[in-house]
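Here you go, one structure.
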Amino acid sequence: MASKAFKEIDLNMGPQHPSTHGVLRLKVSIDNEVVLHVEPVLGYLHRGMEKLWESQTYHQIIPLTDRLDYLASLSNNLGYCLTVEKLAGIEVPKRAQYIRVILAELQRLASHLAWIGFMANDVGAMTVLLYGFEARESFLDIFETYAGGRLTIHGMRLGGVPFDLDETVIGMIRKVLETTPKWIADIEGLLTDNRIWRHRTEGIGIIPQSDALENGLTGPCLRAAGMAWDLRRDLPYSSYEDFDFDIPVRTASDVLDRYFVRMEEMRQSLRIVRQALDRLPAGEHIAKVPRTLRIPPGEIYHSIEAPKGELGFFIRSNGTDKPERVKMRSPSFINLMSLEQMCKGNLFSDIVGVLGSLDIVLGEIDK
Amino acid sequence: MNKVRRFLRAFFLVDIVQGLSITLRHYFGRKVTVQYPEVVKSLPPRFKGMLRLFRDEAGEPLCIACKACQRICPSHCFDIEGVRPEGSKVMRPTKFDWKLDRCTFCGLCVEVCPTDAIRFSETFRMSALGKDKLHFHLPDMYLRGEELQSHLCSGCLK
Amino acid sequence: MTGKAFLFELLIPVIKIVAVILYPMIMVVVMIWLERRVVAWIQGRIGPNRVGWQGILQPFADAFKLFFKEDIIPREADKLLFNIAPILVMFSTLLAFCFIPLGESFRIGTYTLHLRIADSPVGLLLVLGLSSIGVFGIIFGGWASNSKYPLMGALRSVIQILSYEIPIGLTVLTVVFLSRSMDLVRIVESQREGGVWFGLLMPVSFVVFWISGIAETNRAPFDLPEAENELVAGYHTEYSGMKFAYFYIAEYAHMVLVSSLVVILFFGGWLPPFPSIKAFAFLHWIPGFVWYLIKIMFFLYLYVWIRATFPRYRFDALIKLVWKWFIPLSLANFLVVVALRYVL
């Protein structure tokens, strides 16, 4: 009797919802609490970025890439700059490459701290949100002292980085290498062994590795599915091959494993930053790139390992100082397509947990 | 043996107590609240506050109306016109319109300026009571501090 | 009857009634402030500190705001039930406070002042029964809102509350068994005679009762039916303004009620620690109800501390927890207590 009355309800988790990490609309259809279909409806944050870029010069696009994944803007900058440099044949000095690695890894830490804060808050542990963000403050302070911005940082230029690392910034980075492990330990102490966290994340949102590869899932979600694939190690860019770090891989491919992968990635990022800071070579922090950069006609696709997954840029140039076409492969958009498969068969209350574990940012999805 | 240990840990709520002890430690720990507006955090030197035009030590304006900032700005915030006054080696702006509501604070104009005329200031309270207040013209671009704050808004934070 | 005695007979009950309404209200006001400050302190920030000294006027500001909000009633709602629901929840909780003693009786001259309104040999049973009547308010609220989300939330709340009543009843049974009475005053007195608090004697009972009490009051980590992050926002979705304030106040008053029960049943009520050991007799200088308040404040702190620390249980796990673990555990616990009582 009860199952008849509640058969196949269509629910709408509307664009305004505390847990959808932005303006995401999910059309969910459930049968007595069990999820049957999840259909994401996108576009509420579409700003026409890719079209806008066709009328901007290569230099002018960099601050606009900040606004894609706004929680990890330096990664977007890096991805774009590397792609243009590869297309134009610009050589980046070694010191600049190391500084880029430091900035990118610090950004990865900040992004993952924001992620764990949001995800724990969705599941109910609201204190972890505040702890994650307080730990993230130190990173934002570093970015503010380095480039002036906290969220939309514009911290990379074509050919290198805008400023050299001075003593203040290096001191702040060294301090953060000391304090962050304590925050990570506190967050893990609150979550990892906790029976309620385990109950909400273990065995939820499973996707087999073959399906993950077919869907194009990348980033920590793929590594939690058992595939040891990380662009920093397998297709290295910007001197990542000089550094010694481990790639965390887990096999159960549920929400708990994604949590473990990202927490371990944070520790490995600290390791990379320490190595880069210790071995920082002398040199220029930027190569000489003309203000009006004209790139002869050509095409290129290049991708990096952003905190959310494989972030790629496809650029077609036409000889002028503005690109002909820029297409961005946003990791969150592709990862979101696996949401339905992950949620099928789980309960309705788990959708929020799975969505949190995917780590999506709507700015990146809707461009 | 492992199972017995796990059962005992679960029965005696070990993980619960561990979580509670972490939050208890933070309860007695440092609080990071800054009592704004009585206390304002100190801003780093490269802080991206509002843009404004600067003068040199002698008090002479630095801007030479080269329009490099206008060309580089991705958001088309600038509208500049300049002439070379009689007996002067450099051009001077006759019109320098800047729209605060279009600016994305990317800093490209600051980087390309050949004379370091336009720079970020420390002003971050940029709210105004009308859109016209957000469109700056030539004399307003040299405002700073209290005068700038009064120009933008009547200073409700007093 | 002389005029003086008449005054006593009339005035004292009136004062007590006013006190019984004021006591939970004041505790609720304190709770609202305490919750926001303690959660903030745990999270590394300060919490409200602008409205009044250290923010103590914040609850009044919140109440003020709610008072002036528009009272919206959905068009198709069942008006009678919609309006009765918040009253029912408030009423049952406040009525239960009549039976809670606040301290031991003391003499003023020839008159014995009992610090409770109603003197009943089955006070405990009445308190538990009254807090169950509040469930009707929840059902009415969910039903009368005429919307599927509040209805689902209300049903979940009701299942949760009814399921967790069972371990509460079973653990309370162990206390009643040891103290041979359901009168709350007698229960505290038997802890004094025994010389040890029941909570220390039967820790399993205490822990199960406490956790079930948290689930009864729909507090974290058992607050899925009313959490904002979930789609189903609970039975009070459609309520605004003062009616919502009633639900809100009733929830906090229920928390104070559960804390009072825990203190009386398991922690010696108004007794100081080690009540029968002569060495600690100096603790008796502090009056009983001060001890009582200290202990209640500890449990209220515990409520907030637990809320700030843990994630939320999913609804099916919540129900599995009570039926698979708490009820068998409390049954086994009762049998063990009975067995030990007869052996020792």
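When the chains are written out, they are named A, B and C in that same order, and each has its own residue count from 1.
We take it that contacts are C-beta pairs under 8 Å (C-beta built on N, C-alpha and C of every residue); 3 or more make two chains touch, one makes a residue touch a chain.
Nothing here was measured: the structure is a model prediction, and the numbers come from that model.
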TODO: Make each chain a node and each touching pair an edge, then name the shape: line, ring, star, complete, other.
DONE: complete
Task: Pair of chains joined by more contacts [C-beta pairs], A-C or B-C - done: A-C
Open item on the list: Based only on mean CA positions, could you tell me how far chain A sits from chain B in angstrom?
Closed with: 25
Task: Separation of chain B from chain C, taking each centre as the mean of its C-alpha atoms, in whole Å - done: 50
TODO: Go ahead and note the Å separation of the Cα centroids belonging to chain A and chain C.
DONE: 45
Open item on the list: Two or more other chains touching the same residue: where does that happen in chain C?
Closed with: 42-45, 308-310
Task: chain B, residues touching no fewer than two other chains - done: 16, 19, 22-23, 26, 32
Open item on the list: Residues of chain A that contact two or more other chains, please.
Closed with: 127, 131, 134, 190, 194
Task: Complex interface listing, chain C residues touching chain A - done: 39, 42-45, 148, 220-221, 223-224, 227-231, 308-317
- [ ] Within their complex, state which residues of chain A touch chain C.
- [x] 9, 11, 13, 17-19, 33, 120-127, 130-131, 134, 190-191, 194, 196-197, 199-200, 347-350, 352
Open item on the list: Under the stated contact criterion, what part of chain C meets chain B in this complex?
Closed with: 38, 41-46, 207, 305-306, 308-310
Open item on the list: For a test of understanding, state which residues of chain B touch chain C in their complex under the given definition.
Closed with: 13, 16, 19-20, 22-24, 26-27, 29-33
Task: Residues of chain B that touch chain A when the two form their complex - done: 10, 14-16, 18-19, 22-23, 26, 32, 44, 46-48, 72-74, 104-108, 111-112, 120
